[in-house]
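Each of the next two complexes has subunit A plus one other chain: subunit B in the first, subunit C in the second.
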Partner chain A sequence: MITFLSRRLTSSIITLIGVVVMVFFLARLTGSPVDVFFPEGAAPERIEAFNRAYGLDKPVIEQFRIFLWKALQGDFGDSIWQQRSAMAAAWGEMPITIVLAAIALSVSTGMAIILGSLAAVFRFTVVDRTITFFSLVLGSMPAFWFALVGILLFAVHWRLLPTSGSNTWLAWILPVATLCLQPIGVLTQVVRGAMIDVLTSGFVRNARARGFNSRRLVFRHALRNAALPIISVAGDIAAGMVNGAVIVGVVFAFPGIGKLIVGAMLARDFPVLQASVVVVGISVILLNLIVDLIYVLVDPRVRLS
Partner chain B sequence: MTIATRSSQISPLKRIFNSPKWEMFLASPLAIASLVWLLFVTFVAVIGPIFVAEQANHQDLLLRFYPPFTLDEGVSYVLGGDSLGRPILLQLIVGARTSLIIAAFVVGMSALLGYAIGLYSGYFGGWIDNILLRLADILHTVPSMLLALVVLFVLDPSITNLIVVLGITRIPVYLRTARAQTLEVRERVFIEVARAAGASHWRIMTRDVAPMVFPTIRTLAMLEVATVILQAASLTFLGIGLQRPDVDWGMMVADGREYLRSAWFVTVFPGIIIVLTALAANLFSNWLRAVEDPAQSIHFFSKPRRQKAE
Partner chain C sequence: MLRLSGRLAAAVSAGMLTWAAGAPLAVAQPTDRAITVVLPTEPDSLDPCDTQTATNGNVSKDNIFESLTKVSPEDGTVIPLLAASWDRVEPNVWHFHLKEGVKFHDGSEFDAETAAANIIRSQAGTDFYGGALACYNSEQFVERVDAEAIDKYTLQVSTERPDPIMPLRLTYIDMGSLESQQKAEKITNPVGTGPYQFVERIQGQSIKLTRFDGYWGEIPEVKDVTYVYRTEASVRAAMVETGEAQLATAIRAENATGDDRTVAYKDNRIFLMRVMTHKEPFLDPRVRRAISHAVDRDSITRALMGITGSPWYQMLGPQVNGFIPDFDNSQLAYDPEKARQLLEEARADGVPVDTEFLIISRPDQLPNQTEVVQAIAQNLEQVGFNFQLLNMEGSAWLKYLRAPFPDDQPATLQMVSHDNTSGDASFSFPRYISCEGPVSSTCNERIDELLKQADVAADEERAKLYQEAARILYLEETSMIGVAEQARLIRLGDGIRYDANPMSGVIIRIADIHLSE
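Here is the complex of A and B:
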């Protein structure tokens, strides 16, 4: 158990360093912030002073050495546009994205468990076909288009929900729905497959032969065994929520890391961009560690071997 | 051996029509519908732009936001006009070519590279395997769209750049699968026999291991088609990767976004086409997967009947 954890931790740290290195070179490729920050024909002295202030006048290798050394101490420099450190800007936007993702993950997992279990219990019937088709339709919908049609119907046509913002709970409905789209599509199929495997296994047949109550059997015993495949894809799905957060940030102007990243990219705010991608990387790595831990805790077979 | 030689004498078309898969195909209306739609979109994407490319980009400001479902301005305006008075139907046809080219090349490139690297990595192992796996992990840690977004923002907007960047972000999917399967196949007895018979590593890898891994990669690639269509559309929707006069369906949705209140159809129609195409790809690969899994394929022959709840 300890060796398993330490091995996972070491590989996570190596991955993280890789992400930091990649981010540095990617951000350098996006052109100089000078293009955005100064109007054309600005005084060369001012540009030079700007470059010196942000260390842009040194050779790339030297910039990289300084960057890496500081990054290891958690310092990604100050935002070029906002008057605060890049790391503070990135972490500041994380809580609302985490809350949004957590709500979306709970809603979609709940829906997927209900739909997937129903499909498995009534497998190869009309119920199953309908649910499978429905989940495929959800999985085939582009999130940005769903979001726009949501605005069109609920905000413009029926005037039930606001088009943007995050102040009232009503404003959260469309963003959460947008983030749920893909996960429900994927998870329903995973739950269905796992439940069919369990329901056709020996121990369920045995329990039924002994006169066990059906509903209790499905929801207490079968579902618990079907949890493993669900947990193993939950990490990937939660990581995919970042893609959704970008869309939600652009379409609904919903605050969070997605909006910050798109904004930083358009403004060439290197430090914020670097810090955000690293923060997203750390979150995804932590998430995968937690998923592995839960996996080990839930399944005694993994713990023992 | 004899079976293999005999079946190769029959023409490939006959072999398809005589196979149980074909019967299962005919028994599944959804599979037929999705294949027909995919073939139709491909046909339109290949042939269509030859005839309508010029008309599609013809701007007529009198026909800005021309309402859909009337034939007064001819068939080309049956789905309305966009913000510059271009016919939406013809734009969709031209966009189909871009969207399908991107999807086909991204899937092809990432599947091929992932397959080859995964085979090599799994077969030889060692430090190269370690490094490759670590690289795949890093690619996996940064959400693929975020990575594509950051890289494509720098590069000049072009279909080639979009294909290369999206393709690279999708490689790890195949690499991991191919590697895991290779590790398993490598330990089988027939590989040991081939090695004892003096076959070279290259020969074993290409002749013995690769064919065993291929079906999984093929299934995976089919599943990835829909994912890639959606991802490419998301990027072009965000205004990254493509530039006029190139157009794809995601870009068309973005064009309509500003006029959502006054002209809903500019946004809605391209989206419907994306949904239909991704859905068809999903349905077809779902069917293919079910057919290739013997445990499930039985049910395509048995009539659907209500099973007792368990």
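Here is the complex of A and C:
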């Protein structure tokens, strides 16, 4: 177990270093913050002073060396646009993204397990076809489109929810729904497929023949055996929630790391961009470790391999 | 007092599409009411030195900060604000007599020394406090300006060369308390003299202001104002619809209400094509002229821009002194046959008219910009131009805009949305059409000479010189080709009255908002 975790942790740290290197150089390929920060025809001495202040006057390799040395000490520098340190900005936005992602993931996983199991149990019936149809619709629905239509219907027409923001619990409903819909569609199909495999396997047929209670059989035994692919896909979806956070950030002005990253990219705020990507990277690595641990708990074969 | 242009007053009133019904007759009374204003983007700075951009100006200009002078939204003239009056004592020396009894929000007094320090700070190369910091307002002065206090309420501003529009330039320089600017970083607690004082900023979410009871002018009706930001125009409109906000800026035509809850204004913003003049296939002016004749402005604006655009042929809007009132638009108007003929003539003379060029555009300068530019591209294709259309985000687009242009970069036709709220062409022409202009792809000695003469001329003479330069630009260079005059929309909530004006793109003065039950 410890060997397994340490191996995973080592490979995760190598991945994180790769991410740090890539984000440093890719960010600089987009151009200089000077292009955004200064008006047309700004005086050269101002630009020089700015470049000096942010170390942009040095060769890129030298900039990278300084960045890496400071990053190892946890210092990602100060934001170019915001009056705070880059790391403080990134960590400051992370909790609300985690809470949003956790709610969205719980709702989508719960819904998918119920719907997917029902579709599998009643496969090839009206129930199965209806669930399959709607899960395909949800799975292929663009989140951005749903967000705008959601505002139009629930906020403007029916006045049930606020259009945007994050100040009240009602304001969380549309962002959570936007993040949930596609995962519900995809996960429902995964649960359905995995459950059908398990429900047609020998041990379930055997159990049924021995008169096992059907509900207990499905939700305790079959679902547990179908859990591996579900956990695997749910893990991927959780990591992808960051992408969803970008959409809810843009449409609903919902705070979080997604909104911060988009803003930093457009403003070429390199320190914030680098710090945010590292924070997201660490979060995804931790998430993957949690998924691995759940794997180990659910399936002892993983431990052995 | 300087008067910018004799026809400015009429032009401004004619150009404004404001909601004019029921102007208040009684003096407005302060209330305890609060409003929320929803903007497209969050301000990146609350520094008095950065109020020039609309993003920052919408919140801080004329609300938190004020300048010595301001452009009148009614008639475009320069009128007093923190300066009560001014004299031009020598060709290159101005004296500004400041209003007495003006207080900053922290209780400190506004005087000539503070005004001088703010002017000095706003210039390039200054070492005033955080001098290494960028300052958006710095580019308003063409050359070094000296400012010093003669006495407590008299400020002397001098330049090396005569600058007849100094009072206009000072409309861009906002005054902040010195106390708040004594750090080497941007200001987080802005302190100005305006009718509203800063309360709090939650980064990424909102800015709150409240009425400043010690304001020197008329006390505004609205007590508290909260600014929030929503990128999507439809969301901004929806917020007003649902009562979550009372004023939304930059609304799309499809979200307009068709009644007095949507107000439109024109701020001399022109959507235009900047064509390179020093690279093939655009070296020959006939090729550039063919571009203008190829574009069907009437159909494009009618079908794709609706009330937010009308056909336009010049670079400047009608309130700017470089606008040519009697310009014959047919010289540049849609005529595909003429465009083909010009290209054929150029081809026959050995001009490589088939050389590929780049159309550089961004999606966010006007509503439906992607469709508008695609329509322009289709027009150009129909007469035989060879190009690639590149649609990019703002900072990448800016890289193509700025000189110097790399030698290995193909010729470009760049879509530009240019506004001039000052009414003076010196805020447009030197940058865009002079040989040394930082975003100019035009170089014509006669234009440069005229701009040089206009720079030190005043009033009608100044306007005449700019118009002469403009005529050469359109008919000989044809390198800045107007497509559409843009109108912009503001959505108002119930119980709110606001008369939009040509300055509304940059300044939303909350004190100008009136409330009803």
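Here is the rule we go by: the second predicted complex is superposed on the first by the 303 of 305 C-alpha atoms of A that agree within 3 Å, B and C clash if a C-alpha of one lies under 4 Å from a C-alpha of the other, contacts with A are read in each partner's own complex, and residues count from 1 in each chain.
Note that a contact is a pair of C-beta atoms (placed from the backbone, for glycine too) under 8 Å apart; a residue touches a chain by one contact, two chains touch by 3 or more.
Bear in mind that the values here come from a model prediction, so they are computed numbers and not experimental data.
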Check whether A:95 is in contact with subunit B, with subunit C, with both or with neither, and answer first, second, both or neither.
neither
Output check: A:152 vs subunit B and subunit C. Expected answer is one of first, second, both, neither. What do you get?
both
When the two structures are overlaid on chain A, which partner does A:281 contact: first (subunit B), second (subunit C), both, or neither?
first
Once the shared chain is lined up, is A:126 touching subunit B (first), subunit C (second), both, or neither of them?
first
Taking the superposition on A as described, I'd like to know which of subunit B and subunit C A:250 touches: first, second, both or neither.
both
For A:139, using the defined touch cut-off, is the partner it touches subunit B, subunit C, both, or neither? Pick first, second, both or neither.
first
Using the touch definition from the top, say if A:82 reaches subunit B (first), subunit C (second), both or neither.
second
For A:204, select first, second, both or neither according to whether it touches subunit B, subunit C, the two together, or no partner.
first
Hey, what residues of subunit A end up touching subunit B and subunit C alike?
30-31, 148, 151-152, 156, 250-251
Residue set of subunit A touching subunit B in the complex reads 11, 14-16, 18-19, 22, 26-27, 29-31, 121-126, 129, 132-133, 136-137, 139-145, 148-149, 151-152, 156, 199, 204, 208, 214, 217-218, 239-240, 242-243, 246-247, 250-251, 261-262, 265, 273, 277, 280-281, 284-285
Counting only contacts in the complex, subunit C reaches subunit A at residues 42, 44-45, 52-53, 124-125, 131-136, 138-139, 185-186, 188, 203-205, 228-232, 234-235, 238-239, 241-242, 244, 393-396, 398-399, 401-402, 431, 437-439
Going by the contact rule at the top, pick out the subunit B residues touching subunit A in the complex.
30, 134-135, 137-138, 141-146, 149-151, 153-154, 226, 230, 233-234, 237-238, 250, 253, 257, 260-261, 264, 267-268, 270-271, 274-275, 278-279, 281-283, 286, 299, 304-307, 309-310
Within their complex, state which residues of subunit A touch subunit C.
30-31, 35-43, 45-46, 49-50, 52-53, 81-84, 89, 93, 148, 151-152, 155-156, 159, 162-166, 250-253, 255, 259-260, 263, 266-268
